[in-house]
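Could you have a look at this structure, given as structure tokens, before my questions?
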Amino acid sequence: MSLTHFDAEGRAAMVDVGDKAETARQAIARGRITMAPATLERIREGQIGKGDVLAVARLAGIMAAKRTSDLIPLCHPLMLSKVTVDLTPAPPDAVEIEALVRLVGRTGVEMEALTAVTVAALTVYDMCKAIDRGMRIEAVRLSHKSGGKSGTYEAE
Amino acid sequence: MSLTHFDAEGRAAMVDVGDKAETARQAIARGRITMAPATLERIREGQIGKGDVLAVARLAGIMAAKRTSDLIPLCHPLMLSKVTVDLTPAPPDAVEIEALVRLVGRTGVEMEALTAVTVAALTVYDMCKAIDRGMRIEAVRLSHKSGGKSGTYEAE
Amino acid sequence: MSLTHFDAEGRAAMVDVGDKAETARQAIARGRITMAPATLERIREGQIGKGDVLAVARLAGIMAAKRTSDLIPLCHPLMLSKVTVDLTPAPPDAVEIEALVRLVGRTGVEMEALTAVTVAALTVYDMCKAIDRGMRIEAVRLSHKSGGKSGTYEAE
Amino acid sequence: MSLTHFDAEGRAAMVDVGDKAETARQAIARGRITMAPATLERIREGQIGKGDVLAVARLAGIMAAKRTSDLIPLCHPLMLSKVTVDLTPAPPDAVEIEALVRLVGRTGVEMEALTAVTVAALTVYDMCKAIDRGMRIEAVRLSHKSGGKSGTYEAE
Amino acid sequence: MSLTHFDAEGRAAMVDVGDKAETARQAIARGRITMAPATLERIREGQIGKGDVLAVARLAGIMAAKRTSDLIPLCHPLMLSKVTVDLTPAPPDAVEIEALVRLVGRTGVEMEALTAVTVAALTVYDMCKAIDRGMRIEAVRLSHKSGGKSGTYEAE
Amino acid sequence: MSLTHFDAEGRAAMVDVGDKAETARQAIARGRITMAPATLERIREGQIGKGDVLAVARLAGIMAAKRTSDLIPLCHPLMLSKVTVDLTPAPPDAVEIEALVRLVGRTGVEMEALTAVTVAALTVYDMCKAIDRGMRIEAVRLSHKSGGKSGTYEAE
């Protein structure tokens, strides 16, 4: 099996999806941002009281999913039909992130889901970096994929 | 110390950097994408022969650094003076990614460096996903930061 | 009836339109920018002679309709099939703006029409602000909407 | 006094600000979105409980300020140093919006502040349109401007 | 036959393609960038050894095709199904560029192909301008177009 | 002299301009779009009467200059201080295009001027393609450059 984004001479190209059927497709990606326990404490206070880091990150992730084909050189522009991003505190020292993307179209949406997760994580970093520069984005991966010829994929 | 991206009522805001001095600033971020050994093998063949995954990912990372303020809601637009992204095979099963960003300006560039690393990693995923859906982005973190009032930070 | 852009936990999300039928949809939005009579005089001179403010604003409105999903966080990306924007002097002190947007797709285009009207109005402001800082954008509203399950809406 | 965005032949152009001094500049714009009282009630419930429409609109306004030169054809690209957007319920039937933008630079930031207000208002419309299509954006205007050669402007 | 992008009053508009059928469409555009023979020599060395100018230009062209509706005011946003860009050294003093774009949709993709060719050429200019400011972009034209009501067009 | 956009290993990079002085810089680029004489006739009628192709193309060129760093992978983001684009009918069968760009900054603006010329030309193509598919973009080149360490360049 070959790397589909290169032609026979090894030149990068956007692959042809014009012959694929328009089907309902879905992808779920997950990841995590780790941090000092005190940082997570601050984020959780904000959720109850003032300054909701996770709500800002959720929006950033949703908006980024729509920009995926601008960012990833060989991704097709797609008319996503649904995007959700969830960020869940995972005490003592992490926030778990999950993005779900749906499309009725000719190609999969795993890159959109992965982009949503990473931009949500970057946004958490941005908003907390004044108090914690040691945060790390970890374990960003495809969790589920369905629709299309290649069938269903379940990572976990 | 408080989360600087919220005001006293907990409303998200872009912080005022207008009073900060224009100084030379630099940030280095690092991360890794893990994969099956056979996938890394394919990437390395491409570097020698046809289809250079890492060259495409490098460009995507550089271009993404310039888009950071479009993606991260409370980031300032910045006139970056230098961006480099390096992707290095780390056998048997990973590619290490490092981004360096420089600016003469009023705020730090760590988000630009982190964005470059993650988009470079996402691009590797996109180009290899037809042969390996189990790749994972790991350990994306700030490695070095200098310039500005808060001084130099070294993670490692 | 609930606010459709939030899930059961109150988290913002792009709603799922994948199950909606692809139908012909249309929206018309209207608005107005008020100004000093002398400012309107200058704009009208430009239409006859040199420097057509309204032509620039019309183009800006059309281009903005295409950017709606970049600007409005929970809007779906759409492949608009038609956009027109009309700006009409309404002496002595206003310009009336109307935008019409059409789509064959799964969701309505009222946000695209409203975005076109507001950006056209902002462009008039920008081009005349050196002579009139007191201009105001007023009465931006949905005027007509048809297509889709919710049927036809007529404001006026 | 002439419309500065046209040259002597009436051709649109981005005016030269290269000779202007870099000074601290600030602009405040205001506007309002009117709605049915029941719609405002729903928004206010969300602020206390679930689904914060005003928080989403605030972020959309901030991000739009950064995109102003993409939207308004003859606006200069600017490195904004601060952006805040506030949305305040004004019972029984409106939300008041105010945006403040700061820059150390060569040209004013009134368009950025006006763009933030209108996109925040459009976002409120988008999130509430399923329950109220009759909302209207009203009274979008420049409220305050300082810095630069033309001095301070106060509308109210 | 009339210029389709203007209405009866001469006002610019995005034409209505909603009634057109969704068919498979394809366009090929070509162009050339001329340069000093020594510059071409440098580019060709890079292809074999280090620093591949043509690979960077190819990616820039592909990404630009996806941005066409952002750049060309009256172009429709489209979900391209395939984009390829090829740059071929044409000794002694030129690089030939060809772009192919495919779509299943309601309007042609010639602008996307032409945009890909010109941005690829501009990227070659950017990367070589330190050694050759006299490069010129020449003969950018539509070479082939098929699909849609107007039938097949062959320039050469 | 080496290709400055590659490092010693031949990897593409955005070059460091942080040590360059902020000086007044200017670039002028030129190009031409050729067409059937009847097409030029139609464009010239529009300038007098209805439907001004050249005015639309001028705006598209100005807006594109501001997007240059989004399009050309290794271009620096810049705060342009002035952009003008002029399109002049050159009977019997061409339109001449000239773009002037100014900046007070650390790097040249020739790419911004060349981008403005090509996007203006592409826009003319788009608006006239229904009546003339044989138009060609020709002779896009740098005409003048001043400011910065490398001194003044005059092509003609």
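For clarity, chains are labelled A, B, C, D, E and F in written order, and residue numbers in each chain start from 1.
Going forward, contacts are C-beta pairs under 8 Å (C-beta built on N, C-alpha and C of every residue); 3 or more make two chains touch, one makes a residue touch a chain.
Going by UniProt, the chains are A, B, C, D, E, F = Cyclic pyranopterin monophosphate synthase.
Everything numeric here is computed off the predicted structure, so don't read it as measured data.
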Discussion item. Need the graph distance between chain A and chain D over the touch network, please.
Written reply: 1
Fill in: Touching both chain C and chain F (chains)
D, E
Response to the item:
More Cb-Cb contact pairs, comparing C-D against C-E, go to C-D
Fill in: Self-contact between copies chain A and chain C, residue sets same or different by half
different
Discussion item. Please identify the chain with the largest separation between its CA centroid and the CA centroid of chain C.
Written reply: B
Worksheet item: So which chain is the furthest away from chain E, centre to centre on CA atoms?
Response: D
Discussion item. Sharing more than half its contact pairs with A-B, counted by residue number, which one of C-D, A-D or C-F qualifies?
Written reply: C-D
Worksheet item: Counting in whole Å, what is the centre-to-centre distance of chain A and chain E, each centre being its mean C-alpha position?
Response: 31
Response to the item:
Chain centres from averaged Cα atoms put chain B and chain E apart, in whole Å, by 30
Worksheet entry | For chain A, residues contacting two or more additional chains | 11-12, 52, 55-56, 59, 63, 67, 70, 73-74, 77-79
Discussion item. Can you give me every chain pair that touches, using the contact definition above?
Written reply: A-B, A-C, A-D, A-E, B-D, B-E, B-F, C-D, C-E, C-F, D-F, E-F
Worksheet, complete the sentence: chain F partner, complex, touching residues on chain B are 24, 55, 58-59, 62-63, 66-67, 77-86, 102-104
Worksheet item: Given the complex with chain E, which residues does chain A contribute to the contact?
Response: 7, 11-18, 69-70, 73-74, 76-79, 105-106
Item to complete: Name, in rising order, each residue of chain F that touches chain C in their complex.
Response: 52, 55-56, 59, 63
Worksheet item: Where on chain B does chain A make contact in their complex?
Response: 1-6, 9-12, 31, 42, 46, 49-53, 56, 59-60, 63-64, 67, 70-75, 110-111, 114-115, 118-119, 121-123, 125-131, 133-142, 145, 153, 155
